[in-house]
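Look for subunit A in each of the two complexes below; its partner is subunit B in the first and subunit C in the second.
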Partner chain A sequence: MIQSVRGLLSALVCLLVIVSVNFFLPRLMPGDPVLMLTGLEDDLVSEAEYRMYREKLGVDDPLYAQFGRYVSALLRGNLGYSYHYKRGVGDMIAERLSNTLSITLPAVALSSALAMLLALYAGSKRGSAADSVLTGGAIIINAVPGFLIGMLIITLFAYKLGWLPFGGLASAAPKNALTDRLSHLVLPITALSLGAMPGKYLILRNQTAAAIDEKYVIYARARGISERRIRFCHIFRNVSQTFVTMIGLNVGFVLSGSLIAENLFSIRGMGQLMTASIAARDFPTMQGCLFVSALAVISADIVTRLVCIAIDPKVRLGVYETE
Partner chain B sequence: MKKALSLMLALFLLLAVFAGCANTNTPAVSPTPSEAPVISATPEQPARISQIIIGTAADLETPSRAVYNFDVYSGTLLQLAPVYIDANAEIRPLATTFETSDYKTWRLTVIDGLTWHDGTPVTADDIKFTIEYNALQSTGEAQTTYEAINVINSSTVELVLPAANVRHLSSLTTLRLMPRHIFEGIEDYTTAALEQQVIGCGPYKFDSYNADARTYTFKAYDNFIWGQPNVDTVIFRSFDSVDTLNLALKAHEIDMIYAYAGGVGAAAAEDFKTADGITLLPVKDSSNTAVFVFNNNTAPGNDINIRKAVAYAIDYDKFHELFGSEYSVHSTAGFVPKGTYGYIDTPELTRDLAKAREYLAAAGATGTDGVTTAQYNGAPLSIELMVRSDIPVYERYAELLKANLAEVGIELVFNITDVPNFREITEKTHTNQAMVTKFTAFGMSMGAGMGAGYMSGLGSSNGQGQIMDEAFDGIVQKLKSAASPEDYLAAAAECQRYYADNMPAVALFWDSYIQAHSSELDGFTVDGTFGILNVNTWYSIIKK
Partner chain C sequence: MRRNSARLSLAAGMLLLLIFAAFSLFPDAIAPFDVKEISRAWLKPSAEHLLGTNDMGYDIFSELVYAARNTLVTGLTAAAISLGIGTAIGMLAGYLKGAAGEIAGGIINVFLLIPMLPAAIVVASFLGAGAGKIALVIALLGWCPTARAVRTRTAQLKQTPFVEQLVILQIPKRYILLKHLLPNLSDIALARGILSVSACMMTESALSFVGLGDPSSVTWGGMVNFAYRNGGFARGALNWFLAPGLCITLCALAFRLICGYVEYRSSAVRSGDRKSYME
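Presenting the complex of A and B:
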């Protein structure tokens, strides 16, 4: 319980720090905050326009008053306005977020499921041919850069075999929107899954390989429990904390970490929006993206902590705290 | 375990279904021309092409006149500029015919029967409105200032310049006419509704923007005065990765690749040569493909001997070999590419390290054997070279330049910068010492032409060469005020001789744009502004 409260408090502090950095950065950087926030060119903006924006942004008010307005707007879900795109930042992020999540969440689920199945199998068969092949394969994939995996997949399935489209999330005029969308999702999800799988596999495989000599496993075998049940119900339960933490980290970083896949497969997602906003020095959009990413990382961290507490009786019952 | 797996599978499918429902197609703003009569093929008339997909590496955003890429593509389909430049750099009538007797007063007459896509006739008032409207927008683009704009009648307008300018019409080749009846009263055109933003008077109407597919779709406008174009539907499709774009062409998922003022890279062109069903089409490039520009107003670029030393130290053969296509040619000291109106022959640029050292010695530099950095004015002879980070090949140019100049003791220090900072420096602060970049054909022809807009420090804010020399300014004024083509050609020749004598900038090589398209397509028309994609192409293109 105390751990949960501590975790929540530290998450809140982190969020507050990020919100503060987000707010103060464009205001404390050298240069005019009005030009910085609007992206206007000082020799193109008229005096009247400049005054209008200065008043609108309230930059003449004390910093604490501006900060209060900023936090209050965030609490209302208002992430600001991009003068570069001439659109609300929240609207743009919502539009891009759904695209990013449509490839990253399935990729996290798929890579986790694959990593879990293969790692438990290979770990429990430590030293076998299957273990060598799977672990060797995972190390090789882990060593290959993400963009290369993506290009290889595109070359094979889109170019050579012609089974799947090259990119985008839809055809210009799809006959069936659902199948069309699914066919466009396959390659980016596969590329992302392959990139995310080896790390989780290698950690879980090593933990499983170490656990098979534990007394509780020998005892379970002596009781005549099937190997499959030992793997999934006994070993996995004991080694799952690290695995769950890795999935949590994956979920947290999927918002910003899918840039390579978005670029290769021409998907207008969060990674692309962040890159474009940095290139255009569009501070409101950068701030919005950073806030949403931070929120995702912190939320994933909280959920991970809660899941770890739920699955580990030692944590749940406060054994570590009493020790 | 089975339950866990089933749950994961269900979650995956649910997400996929959810994603499938999130189609963000922008609805069509005009009815599709499905009712349009289909012209059947005859021996004289080639079969109509139902659809062409054009791949591009440019981003496609929500369409608007303010969105650069939409504006460029609409210029090839949706809009009709008053005039265009043909492949031989000749100005030709498009939306208007033109006449002048003194090159100061230009009379434009809208061609008979030209209408906006809502059926309203295009008028002389629209031309006047467009010019005045653009002048009020804070776009930062150079606007021509007219002494007067007189509407003579419903179809004829008279543009009166402050002084004669024989090349004035070249500045109208990218003018996107605006319908007065739509935009009158709309203070900021970027806030206009989509239907208003996309109305044009060209042979195609805007149909839809699909954010998920990353496409713009244009459909043939049945009532265009030239009749139906040869292609019913034109789709632009954006790819973020050039590698994926090239593969898509090889797999024939797209019909051609298009880049405004560009083509496919030399390496990709080599690859396409061996691919099935792809044709490469070289288009004469009147832009300056790769240039080394000194800031002529800052040391050491303000020293003519240093500039000449740099020009002689560059290995042009290597640039030609490493970066040029098979159609690339050596550049000349006159800086202005072949094919430019007013081009004259000047000496070809060649490498001569002995001469480079002579010029360095004349500048007072010592230690130019290339073993260490030379000394100049009591300090190491170092030049900061600004390089844009968004175009990777510029960094490769910079690396070769660094190796070349090091051989005579000149040190190049790179300032790799993002685009906003590049613009800040080139358009406002001018704090750089030199830069490596490209000058587009349109940019080279702006203002006085001959690239003077880029080179003069006394004219536009975008004077990247920062030449403050009165002699050069005198030439620019002659170019601007030429009262006849003969006067202009004489000033153009003088300008190129100035470049050759003073080397304010160096053209590293000249090249052609290599266009890659499906071998099934043929009959492209080349335009001096847009290359092979232009309004005329839609009436000449055929499918074999």
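Presenting the complex of A and C:
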């Protein structure tokens, strides 16, 4: 229980850190906070406009008053205003979030499931040819940057073979809206999953490989229980806590990957909004995206903690709390 | 991992690293052209231009060689800083009890949750471009895995008789941590340090790819970014975007292979058991 309270606390503090970074960076950096907050260029702003913004942003108030206003606006769901797009940041993200989720959620699920299956298989056959191939492959793919995976997949399957569309989420005039959408989703999800899988696979494989020396596995073998049943019923139960925790932490990694994948595959999602706002020096939009990403990671973390409490009596009853 | 495969991975990693070290130490001897020497644009790979030329007519292979130093230096700097931060916080979190230990452990747990790339993008775009600043941002956000490994190991070491005796002898905590625990953490710190070079390089390449790299010192990630933005990717010019991408991959792989050997050796020394390969 102490562990869970601690986890919840660190989730809250993490949110506070992100909010503080978002708040203090533009205000304490050398340079004019008005220009930093609006992302406007010095020589493009007229004197009257500048004074108007300065008044509106309230940068002359003491910092604590500004921080209070900032947090209370966030609590009301106001993520700021983009002076580049002339729109509320919250609205823009809300519009695009579904696109981001439609590639990240399947990628998290697919990569986790595949990593788990392959890890159980390779780990319980530690040292075999299959294990060497899978683990070696995972180590190599783990070293490939996410953007290169995406670019290679597009080059191969969309440009060279022409099997699947290379960008966007829908054709201009689809015959069947569902299959059209699915065919557009295949490549980005594959790219994201391939990037997210090796890291998880390696950790789970090591845990499985270590588990097969444990007494409960040897005893299960002695009882004549089939290898498959040992793998999926006995070992899986014991590595499941790592597995669930990892899925939670993986959300942040996949969101980072999605930032790049959305650009490569021209998907109008939150990641694309964020990278587009780099070039425009649109700081409010960037910060809004960071805040929503952090919120997603933190909620995933809280959910996985709850799942861990539900599935693992060691966590629930607080045994072995000392790490 | 068995002894032979561990040695093999060390040899392969060292060989790869040697090539890239040569690139970064003697770029003018290896690169056939100067970085800003202009030939015809969009040339295909040939004997004269090993990897062809880009949209501006620069020789891609030469650019690749010159970018090696920037990439490696950024990666090594970031890894060194993050090793320092990670070891310090990890030791404190693993050794101290009570409020101080809770705070150190809490810092690790908080940073673990921060989404890496979005946070790096926001901080880096406020700080502005510059290789040193980029390295700093990566290090400040990337020390978590090191700190976790060091924390676990410190907590284990704390239970050992030799540390207990130091406590009984009333040796001050500062001395126990710096004089007695730190040397015992060197193997895990070395392994994590090497591994984080590859992690830092990957993050740097992602930041460069989204356009936050230092424009005055081009890295491999920056080259892929140029290829993507200036039509190299749309034209399917594999020689332009795949070559620097492969360099990042091979370099990251080299560090991982060497780390595999270091981990094997330290675990073999410790207990003779087969320990994890990479976590």
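The rule is short, and it goes like this: the second predicted complex is superposed on the first by the 310 of 323 C-alpha atoms of A that agree within 3 Å, B and C clash if a C-alpha of one lies under 4 Å from a C-alpha of the other, contacts with A are read in each partner's own complex, and residues count from 1 in each chain.
In this section, contacts are C-beta pairs under 8 Å (C-beta built on N, C-alpha and C of every residue); 3 or more make two chains touch, one makes a residue touch a chain.
The model shown is predicted, which means the values in this text are computed figures rather than measured ones.
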{"item": "Fit or clash - subunit C, subunit B, common subunit A", "value": "clash"}
{"item": "First, second, both or neither for A:263, with subunit B first and subunit C second", "value": "both"}
{"item": "Which of subunit B and subunit C A:159 touches, first, second, both or neither", "value": "both"}
{"item": "First, second, both or neither for A:279, with subunit B first and subunit C second", "value": "both"}
{"item": "Subunit B versus subunit C as contact partner of A:238, first or second or both or neither", "value": "neither"}
{"item": "A:178 touches, of subunit B and subunit C: first, second, both or neither?", "value": "first"}
{"item": "Contacts of A:151 with subunit B and subunit C, given as first, second, both or neither", "value": "both"}
{"item": "Stretch of subunit B penetrating subunit C in the combined three-chain arrangement, among 40-48, 220-228 or 238-246", "value": "238-246"}
{"item": "Residues of subunit A that lie at the interface with subunit B and also at the interface with subunit C", "value": "151, 155, 159, 263-264, 279, 281"}
{"item": "Residue numbers on subunit A that touch subunit B, as the complex places them", "value": "41, 43-46, 49, 85-86, 95, 98-99, 101-102, 105-106, 109-110, 113, 151, 154-155, 158-159, 162, 165-173, 177-178, 180-182, 184-185, 228, 232, 262-266, 268, 272, 276, 279-281"}
{"item": "Subunit B residues within the subunit A interface of the complex", "value": "1, 5, 8, 11-12, 15-24, 53, 59, 61, 66, 138, 140, 190-191, 210-215, 217, 235, 237-241, 243-244, 247-248, 250-251, 253, 390, 418-420, 428, 461"}
{"item": "Subunit A - residues contacting subunit C, complex", "value": "6-7, 9-11, 13-14, 17-18, 21-22, 25-26, 29, 36, 135, 139-140, 142-148, 151-152, 155, 159-160, 202-203, 206, 210, 249, 252-253, 255-256, 259-260, 263-264, 274-275, 278-279, 281, 283, 286-287, 289-290, 293-294, 296-298, 301, 323"}
{"item": "In the complex, subunit C residues that touch subunit A", "value": "102, 106, 109-119, 121-123, 125-127, 152, 155, 198, 202, 205-206, 209-212, 221, 224, 228, 233, 236, 238, 241-242, 245-246, 248-250, 252-253, 256, 260, 276-279"}
